[in-house]
Every structure is written in C-alpha cells, then in structure tokens.
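Input: structures, listed below.
Next come two complexes, and both contain subunit A; in the first it sits with subunit B, in the second with subunit C.
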Partner chain A sequence: MSTISLKIEFGGGLELLFANQRSHRIDIPCRVSTDNDTTVKELNEKEAKAVDVSYLVHHMRDHMLKERAELFMENGTVRPGILVLINDTDWELEGEGEYQLKNGDEVVFISTLHGG
Partner chain B sequence: MSACENPNVDQDALMTRRQKFDGKTKICVKCKENTGNIVIRYAVYCKSCFFPLIQTRFRKSLEPSINVIPDGSRRKGLKAAGSLVIAFSGGTSSTAMLDLVAKTYFAQRTGDTEERRGGKEHPRNLDRGVWKGKPVVCFVEVCGAFDDQRDRTDEIKAVVGSYPGTPFEFIPLRLEDAFNPLWWKQVTGDLSTSALSLGLDMRNEDLQLNQSTSEPSPLVALRRYLASLPTQTALYNAIHILTRVLLLHTAASRKASHLILGTSLTSLSVNLISGIAQGAGFSVAEEAKEEWKSQRGASVRVVRPLREVGMKECAIWDWWCGLHIVGRSRKFIQGGGRSAIGALTRDFIFGLESDFPATVSTVARTCAKLTPKEGSDGICVLCERPAQHGVQAWKSRISIRSYDQASSSITGNTRPPHLTETEIANLTLTSQDVSALTPSLTPRLCYACHTTLTSRSSRGTVHSGQSPGNIPIPTWVHAALQPTVGNEDSSDDDEDAEITQSTKLSQMEMKAQIVDFLLDEQ
Partner chain C sequence: MAPRICALCHKAKAMLKRPKTGQQICRECFFYVFETEVHNTITQSHLFSPGDRVAIGASGGKDSTVLAYVMKTLNERYNYSLDLFLLSIDEGITGYRDDSLETVKRNQQQYDMPLKILSYDELYGWTMDAIVSQIGRKNNCTFCGVFRRQALDRGAAMLNVDHIVTGHNADDIAETVLMNIMRGDIARLGRCTAICTQGEDTIRRSKPFKYAYEKEIVMYAYFKKLDYFSTECIYSPDAYRGHARAFLKDLEAARPSAIIDIIHSGEAFEIKDEIKATQKLQQTCQRCGYMSSNTLCKACTLLEGLERGMANSGITDRARKKLEAEGPTPENLRTIPYFATPSGNPAIAVSIPLETAL
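Showing the complex of A and B:
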C-alpha cells in the first residue's frame, strides 16, 4: 500500500492531548476507506477515496491521541475552537475536511480553548 | 432548501451553512494581489495583510480611551494619566495582547541609526511615552483553587521576560491573595481587627456577618470560601470575580490609569451571555468597558483592546509570531466546570463561531446597546461593580424566598430534590431569629453576587448538604464593611434605606386591604 508523509504540528496547548509532543511526522495510506475507518486492512476499491483531512483527523484520534478524544473531535470533525492550517493556510480556504492531502503537506492544529 | 423553513414542521429543515468565505477567489480582499491565508468573518486576508489588520483593530479599540478625555483616535496627542497594567493569563488572547502591546508601544529600536531618524513629533516616535513609568504585567495564579494543579508562575515569568529589552515589570499574584491581609496592606492599607474577624454565615439568604475567632491561612480561607459556594457555576464565577478584583486593586496600587485585559471578541460574547444568564445583566456595559474607582478614590480604566478581534485571529497571531502559549489551568478550562453556565456558554459560542462567525460579533454589538433601566444603588462590595437599586425588594417579588411548609415536607415526598433536610431547616429560620442584631452582607451585594452566593441548584452542587456558618470573605469586603461594622453611628445610610418584608396575608386580610374599592354584591 503506497503512503504519503505528513508533518503534523500542534499549538495553543493541544499538544497536551498528544503526548505533549508539538511536532510529529506520520505516514498514512494514499487510498483510504470512504467512512474514514482507520482499521481497514484490505480496502475495497469501490469504497475507497484519496486520503483527505477528514481521514487524517480520524487517524489522529485512533492512533495518536493519548487521552480525551472528546476534546479533539466532535461530530466527525475537529471540535469547534480548534483551528486547522494546511500549509500555513486556513483549512476553510482549502475545503476543510475534503482537502486531499499530498506528500509533504504540513498540517497544524491550534487550540483556542485555552481562552483569555 | 430555504434557510427559513420551520424545523418543528419539517424535521429535515436545517439552517443551511453559509460558505466560509465571500467571493469567488481566494485572493486577499485588502491587497487584492496575494493568495489568501486566513478567513476572518467571511473575508479572506493574506498573511502580510493580516498583521496590520489586527494591529489596527487593537489600536482602534485601545487608543480612544487612553487620554483622560477621549480625543478620537488621534495618535499625536496620546498621553495616559498614569501607568499601564497588563493582565496576563498565559492564554491565547492575552498572549497575543502582550505581544501587540510590546510591538506597538514598547518595541526596542533596532539601532542607533533608527534612533536618530525623525524628530520627537515623527509618527515613528509618537508611540513612546504614551504611558507613565514602566508597564506592569500582572498574572494571577489560580492553582490554589484546585487540587493537583501545577503552578505556572515561572513559565509566565519566562514569557514576560522574553521580550527584548525587558520592557515589562512582572507582578505575580495568587488567587489566595484575595484572603491575605498582608497583600491588602501592600496595595491599600491595614484592616481593623474587628473587620478582619468577620465571617460569613451562608446558611440563609441574609448572609449574616459573624465574629469569627479562627484566622485561617489565605489558602485555607480561599478553599473554604470556594467550597461553601452552592453550585459549579458559582465556583467558576467566584474565581472570575476574585481574579478581576485582585487585578483592579493591584493596578490602583501601582497608580495605573489603565488596566488592559486580553478579552477577545469571542470571550467577550461568552462573558456577556453567561453574565446575563447568571443575573449580571445590570453590569453588561461594565463587561465591555469599565471605569473603576477604588475605595480610596483612585480611578482605573479597564479596557479590552481585543474586543474587536476574535479568538481565531488571536490564535493565528500567536502561531505566526511563534509565541509560546503557557495555557490556563487545565482544570479551570476543561475540568469539573463542564456543567457550569460559563462552560456551557463557551461551548455554545465556540460552536457558533465555527458555523456562523458573524453572529458572535452580533452578540457583542447587541449587548453594547443595552442600558439598564434603573439607576445604580452604590457599588457591590464583592465584585465592586455598580449594584442595581432595590435588588432585594425586586428579588422578593419575583422568587419564592422561603419554604414555609418545609417542616411538614421534610418527612413527606414534596421536599425539593436539590435541598437537604438541613438546608431546608436553615432556610425556614426566619430572619427575626438570627438577623435582628447581626449585620448582613445581602444589602451590600449586587443581584448577581447575591445569586452566586445563595442560589442552589438541583445539579452541580459543589458540596451538597454543606451549610457553612463561618466562611472567610475577601479582604476588600472586609475593607468595605469597616466603616459600618462596629461603628453604629456611621450607618445613616442604612437607617434611611428602604426595608421591605414579605408577609403572606389571609384572604380576609387581603379583602380588608381593598374593601373600599369593592362593589356591593346586591
């Protein structure tokens, strides 16, 4: 299975949920399940899609998150109050979860929940 | 699907989500050249236009209030009456605010050449000397309120000291300082022994003040005070109030003319909605902008220069400037307060900001138009904000204040589920039993503070069933009570104050009251 390499960074205290490590390098498959199931071993091509940010968020929850998933995800996406930058650009400009990831992309997750 | 369909009729009718940005392209709306990097309330900005945009909004909110008499936003004549105190929590927006203050007013010159460029009236040099003296960064450590929370003072100190040329003086405070007579002595003056020995009786709504013989340490006093509060909402609100008043008194003691808080537009909306929900609607204006006067007459202007900047912009500013976020106490953010009104409101507003960003600023702008209908009746001794006139009389009209049938209900099934038998027994004590000779805190509180101290809930009680009788009170409450307690001659105002009492009348008595207006039945 071919994979792509991504750089993941955390800001605003979100790293506390990810073993207090601010920067991660991960490899994820190029083709993934349409329902974002990260445990699928053999992929049925009819139910596959190119890997996107939505899958990445599920991957992070299932394989990187160390505690309290509810502080990271809500309703299948990142929790309100968590900002996402894809290659230094607001993910709202890139189609949010539908952005198709490319090899070498840098994705930053910033929590604003630490408030004032 | 129309956005206006009725979800009660059609289950599938939901408000359609608006596109996240206006326009067909991702080009920056300001320079119209670069590809955009961030969406701020539907408008796209590139990275280079983002920084001046935020700095302009910051200045626009702060500078009109720098001069004693507002003088528009003219930069030339900016001159504050005193020094500047910056409240810093280590959170997202106060980190951005500290950076903005440093870069706007206290940036170090890069070299001698630049030093010589332009005269003293040159716009480059005008920002210097706006504030008197060295600015102070004040941090209140709240870990004392919770178990197992780390002290972040050293981390905060490192952040404050990291600015080139160390332009800021750092003053660390602790939440328990609110109960520390030594801190009060430093910022204001001595408290009399009689005032210091007062404790609060929270067994009923009169909140009597008793003489107490125990003198707990500030930390123990803080813990006892917080443990006596009836709800999770009250607990977090009390921490908020203590932090705010600690900052205000510290600012006054430093002869500061301005205290700036890192309240972003998002936090301001949260504070406004949650404040109104907790009965603080009267001080909605103070939540946005406040002119506070200390008990000694010192005046401090409280400004929130990020009130036009959302939390998203603050977070992006921090990230792009490479600023370290120390973060606020984790328990304070995410912990046991999840059922508290503040946390529920925060979740609501953050969700709103994510789905419909413009509505968050609408909340703040709408609240800015609100003015109280009635005048103020002095200052609340706990939160030191204006208190509404005739609060207790009004409260007695709109709520059930006593539980008359309690004694018979205790054994029956009609006992309210959120009250224990002891609490009911305490509530049924009539005020004449205990209050005739002892001073009460209730008339000196605003509606919101009285509610914070007394309003019980069926859920979220911190220490269910605990009805403490001798609770420590913050030092500024002691100080405010000083002239009246133990000096009966000075209580002229109290004697003139309107005293109301509610009594349930029988049908005959009611009929007797209106007998002159009744028509004959024949």
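Showing the complex of A and C:
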C-alpha cells in the first residue's frame, strides 16, 4: 500500500491533546475508505477515495489523539473554533475536508478557544 | 484547485477567507486591512489623545500579544504620540501565570515597551494558589475576577497612565452579551458592549479589538509568528462561558455575521431610567479608597473573609451574617494599600528594557 508523508503542526494549546508535541511527521495511505473508517485492512477499490483532509482528521482522532476527542472533533469534522491551514493557507480556501492531500503537505491546526 | 487570487491587490495568492466579509485575501493585504480597521475603530471612537499614557493589559495570550504589536505599529504609523506600557497581573498560579509572564517578558524586549507586573501577593497578601488551597475550586473565579479588576486599576495608577486597553475581541464581547442575557443581567448589557468605559474616578478602559474577529487575531499572530502563550488557566473551568463560547462558534459556523449581530443586539438594549435608579451609587471604599457601591469594596470584603478563615462571607449573605456574628473586624486585619488615583508623577519606577535604559 503506497503512502504519503505529511507534516502536522499544532498551536493555540491544541498540542496538549496530542501528547504536548507541537510538530508531528506522519505517513498515511494514498487511498482510503470513503467513509473515513481508519481501521479498514482490505480496502475495496469501489469504496475508496484519494486521501483528503477529512480522512486525516479521522486518522488523527483514531491514532494520534491522546485525550478528549470532543475537544478536537464534532459532527465528523474539526470542532468550530479550530483553524486549519494547508500549506499556510486557510483551509476554507482549499475546499476544507475535501482537499486532496499530496506528499509533503503541511497541515496546521490552531485552537482559538484558549484565553486571550 | 488553481490558486485563488487576492480580492484586494489582484496579484498575490489568497491565503485567508475573512470571517466578516467572506473576502479572500493575501497575507500582506490581510495585515493592512486588519491594522487599518483597528485604526478606524480607534479614531472613530476617539479613544486616545496625543500624549496619553496607555497601559496594555498583557496576559501573554494571543489577544493581548497581538494588541501590543498592533498598538505599537499604529502608534508609529499614524503618530498617535502615545506612551505605551505593558501591564501584567500576576495572580500567583504556578504552572500557568508564571509561564505566561515569561511570554510577557519576552514581549517587553521584542516590542521595547516598559513592563509593570503587579502581583496579588504584593497587593492582597494572597496568591491564587494560596486562595485555592484555602477555599477549594468553588468560587475561586469570583475571587480572581474581583482581585484582577482592582489590580489592573491599581497597576495603572502606579504607572500613572490615563487609559488601559485590553485585548477583548468581537467574539469575547458577543459571548459576554449572550451570558448577560442568559443570566438576566440586562443592566450589564449596554456596558459590556461599550468600547470605552469609565467609572467615577477610575482609569478609562477600552477595547480596540471590539470589532476584530478571533479568527483574524489568531491568523494575524500565526502569519506574523508572534510569540504568545496558550494554556487554559488551571483553575478556570468557567463552564458557563465555555458553553456560551461553543454555542457562539456553532452559530458562527452557520452564519458568520452572528457575532457582529449579537454585539449590535447588546448595543441596542437601552437601560431605562427606572432600572438605572436601582443601581447603587458609587462611593469609595472606607478601608482602601477604591471605588465601591458599598462601604466596603468587593475586594476588601473578600479579603476579610479569607483573612478570618470564612472565605464565603464575601459571597453569600448567610456566611456574611455568620462573619458579623463572630464579632467586629479585628484591628490588625491585613488590608489593601490605600488607593490613590493618578496624580502627577508616576508613583513607582518601572522596569525599562535594557536597551532604552542605556
């Protein structure tokens, strides 16, 4: 199974949910399940899609998050109040969860919910 | 997807979608419009006059860090002729405020502004750590809120400033409007949306970020690589505010104008004269000279309860009666130093960054 390599960064206190580590390098599969199930062993190509940010968020919840998933995800996407940047661009300009990830992409998650 | 082009300069790649307008703009245009909008807020509300001494309430968090940076930028760009100071309150919370104060100390160097840190310990003789170890984690936010408000005014008086600016942003204000509505505190609604407030003899406080969205403040800090501290206060699970905030974020996700709409709703609540009449007249605290609506100010009341081992006496009427039944206030009770409003000369020397001191 071929994979791509990504750089994940956290800011604004969100790193506290991820072992208090701000920067992570991860490998994820190029083809993933359309329902974002991250535990599928044998992928049926009929139910497969190119890996996107929506899958990444599920992957992070299932395999990287150390505590309190409800502070990271809500209704199948990142919780309102968390900013996402893809290669330093607001993900709202990149199709949000539908953005198809490429090898070497850098995705930043910043919580805005922590005190001023 | 082809890169989108900035809606303002039509040259650079758009990197941000503005929550207010949906406009897609590049990094440089974003800096410019964000700063210009804050400048417009400042000039349209006549917040400052040339020569004003202004303290920035600095917590080390994102809002006050961006505020310090933007105030410095605008002061230089538009010749406001303000003397800017950083004012931090050290509540005495190990593992939280000590770390965030390190950020403020770095900001002092980075922004080349004098910094004054005033601690609860020196003002009240109690750190929040000590208060929590006595009273537990109930009502501790009441103590902290009352103590912080007075500490900021006193710190400002020590700096002899005319004005305190705080980093409250549009999201914070909308959240406070919601909370006041949910609590039925209509009298506070108008005041919480005011860009500038001033008590009888207190120092003016204003919110230059009143119309700045949290998303843009965080993006600004990120793009500028500003150094800020972001950890929730270890004692603060302010659950009520947390719910209001989550609710607001959900509303905003459905309709981005929700935040500004809520602020406008708050502004539209006019307090009728009958309600105003029931609000107590301001006087000064008999014991410490700070403004108060009773003979004793809130901080003195809370401090007496702490000192006499009956911390709840400042919170509930029942506990208050119990305290009074224990006898009069002891002569040797620890009190807060007498409050003097800014007069002519700075009451204290401030620590000045080394470069400017030389």
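One rule holds in what follows: the second predicted complex is superposed on the first by the 115 of 116 C-alpha atoms of A that agree within 3 Å, B and C clash if a C-alpha of one lies under 4 Å from a C-alpha of the other, contacts with A are read in each partner's own complex, and residues count from 1 in each chain.
The definition used in the following text is that a residue touches a chain if its C-beta (ideal position, glycine included) is under 8 Å from a C-beta of that chain, and two chains touch if they have at least 3 such contacts.
As the structure is a prediction and not an experimental result, all values here were calculated from the model.
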When subunit B and subunit C are modelled together on subunit A, clash or fit: clash
Touching partner for A:T89 - first (subunit B), second (subunit C), both, neither: both
First (subunit B), second (subunit C), both or neither touched by A:G81: both
Contacts of A:L71 with subunit B and subunit C, given as first, second, both or neither: first
Subunit B versus subunit C as contact partner of A:G12, first or second or both or neither: both
Subunit B versus subunit C as contact partner of A:T112, first or second or both or neither: both
Location of subunit B clashes with subunit C - one stretch out of 6-14, 60-68 or 492-500: 60-68
Overlap of subunit C and subunit B interfaces on subunit A (superposed complexes): 11-13, 16, 80-81, 83, 85, 88-90, 92-93, 108, 110-116
Subunit C-touching residues of subunit A, taken from the complex the two chains share: 11-13, 16, 79-81, 83, 85, 88-90, 92-95, 99, 108, 110-116
Residue ranges of subunit C touching subunit A (in the complex, touch as defined): 1, 4, 13-17, 24, 59, 61-64, 167-169, 171-172, 214-215, 217-219, 222-223, 230-233, 236, 245-246, 249-250, 252-253
Touching residues (chain side subunit A, partner subunit B) in the complex: 11-13, 16, 68, 71, 80-81, 83, 85, 88-90, 92-93, 96, 108, 110-116
In the complex, subunit B residues that touch subunit A: 20-21, 26, 35-39, 44, 47, 89-94, 261-264, 266-267, 311-312, 314-316, 318-319, 325, 327-328, 330, 333-334, 346-347, 350-351, 353-355
